[in-house]
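In what comes next, subunit A is part of two complexes: it sits with subunit B in the first one and with subunit C in the second one.
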Partner chain A sequence: MRESTIMKIHYGTALAAVVLVAVHVLFRITMMNYEDSLAYESVIANYKYVPYAIMLELILVLLSVHGFNGLRVILLELKQGRSYEKAVTYGCIAGMVGLVAFGSRTILMASMGMT
Partner chain B sequence: MSEVTLAEEQSSTEVSSAQTIILRIAKFNPEHDSGSEFVDFKVPYERWTTVLDAILDVKKHLDHSVAVRYSCRQASCGSCGMKINGRPRLACFTKISELNSDVVTVEPMNNYPIVRDLVVNFDRMFANHKKMQPFIIREDSEVTTATKEFNQTPEQLEEYIQFANCIKCGLCNSACPTMATDSSFLGPQALGQAYHYVADNRDKGKNSRLKIIDDSHGIWRCHFAGSCSQVCPKGVDPAMGIQLLRGYLLGFRK
Partner chain C sequence: MKRNENKEGIKGMANPTRYGIERFAYWLMRITGLGLLAYLIGHVYETSNIVNGKTAWENMLSMTQTTEGHIFLTLVIGMCVFHTANGIRVMLGHGGYGVGKPARPDYPYTPASQNKMHKLCIYASIGLAALAMMYGVSVLLGE
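On to the complex of A and B.
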């Protein structure tokens, strides 16, 4: 993939994540007491409300893609070398896929009541 | 650190000068030395004395072994770039009186391999410059066609003319924080030149240049620190050129 395409994805995921996280925070503030956000019942209720669970999944994907690409860029600037750069790229893709899979599993299990 | 004072013989700068400074020169020969060492020289100066004048004075009277690259002495050739009091500058374009310091420290530029003392190796910078295809690319030519010259309006010229002032002194690359860690980064000099030809309306090689800079160590590794534009002695703004080039790659500019 061309670097410009990767960077377009990088900027796009950042902008989309800012919007969705803002919606998420607004929900916390407007729909309930902010300090109750992380109460067990509140979290489970969020996951069980499918549109909200989809939004959380989207935030997870956006932040994982953006974050792991950012990490790739930082690591590429720290050190150079063909095998090192390959390892960094594939390592970051693996990390991103792993984090999305683990997060999605949590969201799915909670939304299906498997807690 | 040793200090050497000026000998009794006549200096190239005026001996009557009442003012003196300590010129602290970094000495390093990679073939013999393990690290660089500063040597102090007491040199007289006048209002018009440049750092290069002072270095050449030291070289003539005090230490012939000081290695320095220079040529035109008028900020045109780009040979005498070095770090003066911590900032990359042209030695021939920096007056001692402007520095407002009793000690003037001169070191080789950062981000380049040192050849000796104040001389650095420009091979990588010139290689990256060549990579940018720094010439007009098009099928026809002013020379072979019997039609006409490639005329430009003042506005078309304005798009790129400041980038034509680049003298390849390498100060921008020396000031660039990305170049300090990323040895494969193209650097502001090369990217500024890429913009120069991409923005020239006579040129038809935009796509091939954009392809070259659209690399994992290309244009996207610039963090817009802006230090390249700060240190340029010719008023070129590579940081702006890089942002404008990004506009082409992101589809904001055609």
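On to the complex of A and C.
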């Protein structure tokens, strides 16, 4: 993929994540007080509310793509070389996929009541 | 000259001085980005405890919802706000906004892109992050 396309994805995921993370944070502090919003029953109720669970999944994907691509950019600024660049790119993709898979497992299990 | 003689590597990247506020913003953008990625991974792991039942969730909360945990969260808020505000500045700069018009390079060769507006935006990003951290402290530690 062209680097210019990757940067467009990087900026697109950043803008989308800013909006969704703002909603996520506002949910924690406006619906009830911060401490109560972390109560087990309250968190499970959040996961069982399907639009919210979908939003969490979107945040997870957007931030994983943005975060691991950012890490890739930092590592490529440090050092260059064909095999190094390949290792960094594939390593970051693996990290991204791993984090999305692990986070999705939590969202799915909690929203389906498998706790 | 050897190929690696003029390369400082991580040491060079970790040095925020020498090139003004733009260099400091570059450094802070990378530090906050790495910090936020580490927080994201930790947060995904932390919240995965919910699937192990109420006791596991409450045990995890007793470890993270402490004064130290709240101070750490306040730092995360600051990192997040700076990274967002400065990121929008960088995006606009990459899109060609606020970088000045192309002109003949004359002495003292001041780069048009490193202008007062961008410097002001960097200071504003730091200021916004500080304000957000103060609000975070009032919510997390205020009670």
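The working rule: the second predicted complex is superposed on the first by the 115 of 115 C-alpha atoms of A that agree within 3 Å, B and C clash if a C-alpha of one lies under 4 Å from a C-alpha of the other, contacts with A are read in each partner's own complex, and residues count from 1 in each chain.
As a convention for this text, a residue touches a chain if its C-beta (ideal position, glycine included) is under 8 Å from a C-beta of that chain, and two chains touch if they have at least 3 such contacts.
In this text the structure is predicted, and so the values were computed from the model without any measurement.
K.L.:
Quick check on the superposed pair: does A:Y49 touch subunit B, subunit C, both, or neither? Answer first, second, both or neither.
P.N.:
It touches nothing on subunit B or subunit C.
K.L.:
So, A:E85: does it touch subunit B (first), subunit C (second), both, or neither?
P.N.:
first
K.L.:
Which partner, subunit B or subunit C, touches the larger number of subunit A residues?
P.N.:
Counted on subunit A, the partner with more touching residues turns out to be C.
K.L.:
Just checking: does A:M7 make contact with subunit B only, subunit C only, both, or neither of them? Give me first, second, both or neither.
P.N.:
In the superposed model, A:M7 contacts both subunit B and subunit C.
K.L.:
May I ask you to decide whether A:E77 touches subunit B, subunit C, both, or neither, giving the answer as first, second, both or neither?
P.N.:
both
K.L.:
Overlap of the subunit B and subunit C footprints on subunit A, residue-wise?
P.N.:
7, 77-78.
K.L.:
Would you tell me which residues of subunit B are touching subunit A in their complex?
P.N.:
Listed in rising order, the residues of subunit B that touch subunit A are 178, 181-185, 214-218, 220-221, 249-250.
K.L.:
Going by the contact rule at the top, pick out the subunit C residues touching subunit A in the complex.
P.N.:
9-10, 13, 30, 33-34, 36-37, 40-41, 44-45, 47-48, 50-54, 57-58, 61, 65, 80, 84, 87, 91, 94, 139-140, 143
K.L.:
In the complex formed with subunit B, which residues of subunit A make contact?
P.N.:
It is residues 2-4, 7-8, 73, 76-78, 80, 85 of subunit A that touch subunit B.
K.L.:
Please name which positions on subunit A make contact with subunit C in the complex.
P.N.:
Against subunit C, subunit A makes touches at 7, 11, 14, 18, 21, 29, 33-35, 38, 40, 43-44, 47, 60, 63-64, 67-68, 70-71, 74, 77-79, 99, 102-103, 105-106, 109-110, 114-115.
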